[in-house]
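Paired with chain B in one complex and with chain C in the other, chain A is shared by the two complexes that follow.
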Partner chain A sequence: MWRYIVRRLLQTIPVILGATLLIYALVFLQPGDPIVALFGEKPVSEAARAQLEAQYNLDKPFIVQWLLFLKGALVGDFGTSYSGQPVSDLIARSLPVTFQLAFMAMIIEAILGVVAGFYAGLRRGHIFDSTMLVVSLVVIAIPIFVLGFALQLIFGVQLQWVPPTVGSATTFTNLLLPAVVLGLVSFAYVLRLTRTSVIENLTADHVRTARAHGVPDGVVNRRHVLRNSLIPVVTFLGADLGALMAGAVVTEGIFNINGIGNLAYQAILRGENPTVVSVVTIMVLIYVVASLLVDLLYAALDPRIRYA
Partner chain B sequence: MTQPLLEVSDLHIDFSVDKRSVNAVRGLNMTIYPGQTVAIVGESGSGKSTTAHAIIDLLPGTGKVTQGSIRYEGTDLVKLPARKRRGYRGSHIGLVPQDPLSNLNPLYKVGAQIREVLEVNNVAKGKAADARVVELLEEAGLPDAKRRAQQYPHEFSGGMRQRALIAAGLAARPKLLIADEPTSALDVTVQKQILDHLDDLTSELGVAVLLITHDLGLAAERADHLVVMYKGEVVESGPALAILQDPQHPYSKRLINAAPSLQSERVSAQERTAIRRAAQEHVSEETEVDVETPAMQIQSLTKVFKLPGKGFSKTDLIAAQQVSFDLARGTTTALVGESGSGKSTVARMVLGLETPTEGHVYFDGVDISTITSRDQQLKFRRRIQPVFQNPYASLDPMFSIYEAIEEPLVVHQVGSKTEREERVRTLLDQVSLPHTVMNRYPNELSGGQRQRVAIARALALNPEVLVLDEAVSALDVLVQDQILQLLNDLQVELGLSYLFITHDLAVVRQIADDVLVMQGGRVVEQADANSIFNNPQEPYTQKLLAAIPGRDIPLAG
Partner chain C sequence: MHNHTPQPGQERFVAPAIDTELPTAVDVDTSHPPESQWKQAWKSLRSNWIFWFSAILLLLVLVVVCFPTLFTSVDPRSADLSNSLGKPQPGHIFGFDRQGYDVFARTIHGARASVIIGLLTTLIVTIVGLLTGAIAGFFGGWVDTIISRAADIFFAIPLLLAAIVGLSALNNVWPNRGYWGGVSAVVIALAVFGWPQITRIARGAVMEIKNLEFVDAARSLGASKWRNLFTHIIPNALPPVIVTATVSLGVYIVAEATLSFLGIGLPPSVVSWGNDIAAAQPQVRSGDNLHVLFFPAGALAMTVLSFMLLGDAVRDALDPKARK
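Let's look at the complex of A and B:
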């Protein structure tokens, strides 16, 4: 078990090396001059340009830039943004916001998705099931940025139930609508996956045998159908973390949330290598650790799976 | 006079398929007295399991009782509301299901699943329930029950799982136990142990048993009273021995003739000699090979698997040890043994799918390990073909029957498209399937038909040797008998040699000339079929023979 965890954590090293190198190459290839972007419309003097290039290592080949970044990252120095703030400060400020948002979205998609999927599966073909299937189809078909703007317009601008943008006031109620938007697409997938899984498990031999032993229907459904149906759902949720983080970039943009997605988006626009790469590194780390946790949870749910 | 425990009268069960209703059971009558064992015998689709499920109100899908009554101690269960009927399940009527693998929830400890039965039926709770679980498992014949109760189903063998299911089925002390093919997924020796134990336990507790089985020999051995079902109707019922010795209905007669366990050995032995002679004649007349040289020679085959042990060490698992035999042309050699005896490992090595750790496989005098060029390997593959156990899993569901049979011809680039089509038609004729099945898909065929397709597919490349790995084990007796007939006919017609792998000694007599009995990777006895059956030398062979159900029952004529 511990050997497995250590091995999995060691695997993150090449993943992070590869991911950061890839990002460095992509940012390097990106058209536009970051220094021009930094100065906006104002003219840049040659001296200032040379000084900035030296300060941010822009005069060196990208491989060297990458190696210098790795050297810094090893001792916890992720460099400074072009506005002069340490990147670690920026991340420390925006990460908790995104965590809160993603956590809320995860709760919404997991709990609502499983509950709705479970009941839809138990009442296959009934009105609730049909409604849920249509709703999930609609949600899956509409892109997240359309959905986000539409809900923002309805609930934020017209009904004014929630503020249309969040800004720096990241309270639970303010984040509720963005979290719903972020979790909605995955909610539809979780619902469908749970429903299919429940329908399959309802006809399992051991479920029939449990009924034959006199176990009441409610207990059979909870203990034997639901738990067995959760296994594929948990796997999906693990893989879905990536989608959640990608979705955070769009959602945070729509609702103006100062989270890590927004930070990455702004940094990409400005061509700020240190910030972009640091954010990606953090995201990769979170993703790897989270999928490890999901795999361990998987083993806890299914005793047939043991890691060695 | 004693009251009947269960009285089923004029029972009709319908399933609706595409808005049409299909009768699964028509006008079934049956009576079970307290403590009595009654067996329903029939092939798959005869309605025997449907009847059992109707009794405990667990008909699958659209199944519905449309007429008749099921009286349990005088109460008509059909008329009771669903909630009240549930009260009868477990506490009055228990169930031991068919497949021990799929009938335990893989996510819960075995003990917890039995404890659940105790708790929902208000037999015991908490600590008392835990103690009772251990008692019940011990009672079901599971050694080391206390530790076993804390294990998960996947840590159990098939026989142990079935014991756990028996413990669960009897946990709430029902008066009637429905045993739905309780041992058909198990090896014969385990089957005997389990049934013996079930017999002892139910007679000790005075529990009546409704045994559902397709095996007439087994039913006759275990039950007082038989009910023979065919296509949803009872064709015959009465005392077990009377039906066996003097069957009235043609279907019962067919069942008795087909049951391998009940077949007269004299006839089989004579037929076998005739088949072998005809097959060998075919080889010497129609082909250039010398009938005297064996098709295959297997020399001291040994296979050792390295399994991960504690830490970084590896432990050895000896799957097969020093197995040697010759497969003479036009004959059948049977490898018999329980699961884990190494018989399938030997088959895989013979097919060249597994490299032996030691020893050699000679095909037509050539050591197959020396065949290295792709061209030569393809040639070798054409001459030896496998047929596997599960016809449901060994055919690709996305391939039509035509595509499935044609595939080996395409892979080996045999003939043009029209020639291949002609060949597929010939093959279908050989396995007695109508040409109309060509456009159908595996899920539209029955198990027996699928196995015929698998055989046609194996024959497509004109092989000389067929390796039949449990090829009839998953089939009902009647279908099994037909497939064995077909194999015998094909042997005569094409001069084939068979390596026949099975756990069931009963079918061996119908097809084999030579028999190897394997146990724990070793060959314990090796002789011709007659000697094995009439004069077994080794205790293990004797045990396997004794385990064949219904062997000691005298038949008429």
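Let's look at the complex of A and C:
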């Protein structure tokens, strides 16, 4: 088990290095002078330019810039944004909000998706199953910003159950609607995934054996069908954390939440390169850690999987 | 009825072959070769109404994409501000948007950009993913390590965020890129970060297939490695890849709309569903003028839905376990 964890951890190193290098190249190897952009219409004096280039490491070769960034990131120092704020502060301010939002979205999608998928799979072809399949397809087919906008209009503007935009008041109730919107697409995938594997497991040998032994239906369904069906769902949820963080770009924009998605989006639009690379690095780290946790969770869910 | 007492020399009763329902080797019909999995899949697809429903809808979309002028003679780029936000009326059944564009003409002409981006991205992603995944799964060893780690790197950056960063980089090096330039930029940004999904699936399928008996048989008959890979392994690894590709086609269409909504996808001059939905958003804030948003969003949703349904139907047809 420990050998597996170590090997798996070592595997993540090239992924983190590669992904940060990739994004660093995309952001910093563009034509255009960030220092000119910083000064706008005003002329840039030679001294100011030299000082700024030294401050942002722009005078060094690209690879050195990247290595210096990594060195700082290792101790949680992501440098300074062009507007003069420490990037770590910006992230520390916005990451908890997005975490709260993504966590709520994940709870919502996991519970609703598994429960609905489980019952749909048990009653394959019945009215509940068909309804859920149609609902899931519609949710996937309509772009999330249209759905989010429609829900905002109905619950926020017309019914006034929740405030239409969140702003800085990130309470549980204020974040509920954005979390539902963020989790909707993944809810559809979780539902379909659970349903498919429940249907598959219903005809499995061990389930038939359990029934033949006279185990009550409810127990068989919960203990033997549902538990086995959760394995692909857990894989999906692990990989989905990264998608949720990225999906926050849209959701946070619609509901005006000052989270990391909004931070990334604004930074990209304004050419705040240090902020962009830092936020993407954080998201890559979250993805890598989540998929590592999923691999380890496997062993707990599926006794057949043992890591040597 | 046979006598169930054991015959001399027999421990217990064995039913004569003629009494069992198992066909004997002699009875197997060898007059024609067994049907290929594709033919069987087509047979099962043919009897599935979901397949026909989605196929006909997609055919309609395809006709709209190729010949938009068959459906409307109104120019989607000619606006009359006096029509601004006009309600649906005879001759202009979807009404007008804020600029006074005819929404029906915009919806018809907008299909092209959205569908082409979906199709092209899926095509590139499928070819690249299939080849890299098949090579990684087939050869294993360091080839597999390099391809898998590279796929991991591109997969680790969330697609939407990666596409935003990629497109903003493209905007700098390639400004004012017009219709086809705008379309290609979105395709490039989505494809560069989309291929690992197919690579992973193809790799898994190939690793499963390469150890099956018929591959061994081909090898022992003298088939070369590459011949084996291309004529025996890849065709059999196709089903899961095709299913994923069909579903992701819809996902890419939605991604284009999302990128355009964020103002970084297609340039505003391009008529597309994504751009129209984005432009409609502010007009509907108070709950009025819903027609401006409803028609482009509805067209996009119907198209994506059709691809999803087609993917479902194809999966059911290609999976022998799901077939009746």
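Throughout what follows, the second predicted complex is superposed on the first by the 270 of 308 C-alpha atoms of A that agree within 3 Å, B and C clash if a C-alpha of one lies under 4 Å from a C-alpha of the other, contacts with A are read in each partner's own complex, and residues count from 1 in each chain.
The rule is simple: contacts are C-beta pairs under 8 Å (C-beta built on N, C-alpha and C of every residue); 3 or more make two chains touch, one makes a residue touch a chain.
What you see is a predicted model; the values in this text were computed from it and never measured.
Student: Should the pairing of chain B and chain C on chain A count as a clash or a fit in the superposition?
Tutor: Clash: chain B and chain C overlap once superposed on chain A.
Student: Per the contact definition in the header, classify A:P43: touching chain B only (first), chain C only (second), both, or neither.
Tutor: In the superposed model, A:P43 contacts neither chain B nor chain C.
Student: Examine A:A264 and indicate which partner it touches, taking first as chain B and second as chain C; both and neither are also allowed.
Tutor: Once the two structures are laid over each other on A, A:A264 reaches chain C alone.
Student: Looking at A:R227 after the superposition, I want to know if it touches chain B, chain C, both of them or none. Which is it: first, second, both, neither?
Tutor: first
Student: Comparing chain B against chain C, which has contacts with more of the residues in chain A?
Tutor: C
Student: Figure out whether A:G214 sits in contact with chain B (first) or chain C (second), or with both, or with neither.
Tutor: The answer is first: A:G214 touches chain B but not chain C.
Student: Just checking: does A:I142 make contact with chain B only, chain C only, both, or neither of them? Give me first, second, both or neither.
Tutor: In the superposition, A:I142 contacts chain C only.
Student: Output check: A:H206 vs chain B and chain C. Expected answer is one of first, second, both, neither. What do you get?
Tutor: So A:H206 only meets chain B here.
Student: After the superposition on A, what does A:L301 contact: first (chain B), second (chain C), both or neither?
Tutor: A:L301 sits against chain B, while chain C stays out of touch.
Student: To test your reading of the overlay: chain B has the stretches 98-106, 368-376, 404-412 or 548-556, and exactly one clashes with chain C. Name it.
Tutor: 548-556
Student: For the complex, give me every residue of chain A touching chain C.
Tutor: The contact residues of chain A facing chain C are 11, 14-16, 18-19, 22-23, 26-27, 30-32, 137-138, 140-146, 149, 153, 157-158, 200, 242-243, 245-247, 249-250, 253, 264-265, 268-269, 276, 280, 283-284, 287-288.
Student: Which residues of chain A touch chain B in their complex?
Tutor: Those in contact with chain B are residues 203-217, 219, 223-224, 227-228, 301-304, 308.
Student: Could you please specify the touching residues of chain B with respect to chain A in the complex?
Tutor: For chain B paired with chain A, touching residues are 56, 58, 60, 86-87, 89-91, 94-95, 97, 99, 102-109, 113, 116-117, 120-121, 152, 154, 165, 168-169, 171-172, 308.
Student: With touch defined as at the start, can you tell me which chain C residues reach chain A in the complex?
Tutor: Going through chain C, the ones touching chain A are 149-150, 152-154, 156-162, 164-166, 168-169, 172-173, 250-251, 254, 257-258, 261-264, 274, 277, 281, 284-287, 293, 297, 300-302, 304-305, 308-309, 321.
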